[in-house]
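Take a look at this one; I'll ask things after.
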């Protein structure tokens, strides 16, 4: 029933909580929420709450990039955060979320991976970013991406004992991860024929199509379309236009 | 002989000793162990002469016979419909329990279809697995248009108010039709989306502050805006 | 060298700073956070709800399912995400620690799911999880006979201490004894031990747990009442 109600309101360009179609709910970013992580952050967008943490280790580089560090991202839609998530291995939804956030960081070359190299072909820093949903109320991806970047930004290298080849966890250096750009994701949703930003759970249930746009100040680095219905080129253009504005505003929250 | 160890309207936690002695009797949410009456859930103390019970402050809806609830049709079977009323199990509406006369070969979707929202009354509950509902009651009918708001069932009495006073006040101020289900589902339908939003905000506010004093006055003020 | 003074200067019968908070996960029917010093656990309860698969339903009483998970960055050396044997076992003992207080016979055919997540770990995680879970169950309005208080006791060099942290865990000869106790009756619902103790030491440890559980119970009570202020 609420589907009809929401669509009825959208026809008048209105939303249940009175927001403008392209407006975000209240956003808070909190840094350093988990002490044993090299970096961590909690992001709340409305009632959606996500935490992300950075752990680092020293390991071997990939064969095809012997002088570059390694970035590994994972995400978990904890059953703790919603009745809709079941315990078990990461669902396709969780995998997609992690991969989309990963691509945004990777394709934008925001981390200077060469600076993560300790000894070419042998030792590089590996950066693990793990995302956990604490309360799911729509628009998880934007919150997850924002939390990941915030965590990366406040992360510090742990001390490394080169002689004994041991990472000294618990002892943080003053060195930050070489993050020279801040890629921000903004997902736009087509609901009831209108284009919305930051949908809540109720709105998300009736989304026809969605488009995640990841941008830095240089341009668009990642996109992902989801949903069962199509988008016209005009709609995509309109969505990107909104993303250009919103990603700037979200980025300002991290700076 | 006996001693009451807590005050009326005090918030108590499970395991808390409420009273001592055989004078007092355990009501809902209270159990007896030897001489003590002990709280068996998080709730508000309510003492009525010798009966000590707790008014729950949270928890999912537990179906009770006689309750008027709002449900959604989730399945249609041979003899009727299955409705989601927010209880552990879905509720069963048989053809024989509808107010309309429905012949055996009738197309049931013509009466209640998938997704239809209906106000029903609970007839009986067997071991909380089989919940029989009926529409043979004055209040029961299909609800068209409007929106559904979910609140915690324990807050329903506050939203209704003494003798319906609170919900009447909201109806008057917002001009909306409002039906409150005992299962915490509230239907609101108005002519103006701003008024509907006000009704929704008020109901959510009552849910949040249900346990506080002076709520009626606060809500009066809120509605004036 | 005998362990005569605690590494962080605490008294032997002194717990780290504890704190409980209720209603931390909006979607859940009940939720709570509980911490012992730097160990932070959150728990969320969903239920009573229909239990699938159907054949597992018990018409006489409901089922309690507990899941325990440490987030990858809660510990110094990253933990690979996902369940492992340890989290499986802790989920089980968590369930056993809570079952005695839940009136499951009031929830036939239903299931109550409890999810415990460790956000930051400095030893005593399963106990923090149980304290949080017990709060979350109460917050969810479930029928419970009592709350459950859990804390880890330690025994080393014949001395009993309470709430050992991860540095103390590594002290040579330290025996770790996680215990859960029902505050009203003093009965034990969780007891595990690894190390080496004699009967007297064990008894002393259990009595010490019983003594400090009052503080835990007060913190839990405060957390539940705070929600309604």
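A few points about this structure:
In order of appearance the chains are A, B and C, and numbering begins at 1 in each one.
Just so it is clear, a contact is a pair of C-beta atoms (placed from the backbone, for glycine too) under 8 Å apart; a residue touches a chain by one contact, two chains touch by 3 or more.
Owing to the predicted nature of the structure, the values given are computational and were not obtained by experimental measurement.
Common neighbours of chain A and chain C (chains touching each): B.
Of all chains, A has its CA centroid at the greatest distance from the CA centroid of chain B. The chain pair with the larger count of C-beta pairs in contact, out of A-B and B-C, is B-C. Centres computed as Cα averages put chain B at a distance of 33 Å from chain C. One simple way to say how far apart two chains are is to compare their mean CA positions; for chain A and chain B this gives 39 Å. Under the contact definition stated at the top, the residues of chain C that touch 2 or more other chains are 49. Within the complex formed with chain B, the residues of chain A that make contact are 1-2, 4-5, 9, 12, 14, 16-18. By the touch rule above, chain B contacts chain C in their complex via residues 11, 13-17, 29, 31, 38, 40-43, 56-60, 88-89, 127-129, 154, 211. By the touch criterion given at the top, residues 72, 115, 117, 143, 145-148, 193, 197, 200 of chain B touch chain A in their complex.
Only residues 24-28, 38, 40, 42-44, 46, 49, 67, 69, 71-78, 81-82, 113, 115, 117, 119-122 of chain C touch chain A when the two sit together in their complex. Contact residues of chain A toward chain C in the complex are 33-38, 40, 47, 49, 51, 53-55, 57, 74, 76, 78-83, 87, 89-90, 128, 130, 132, 134-137, 169-170.
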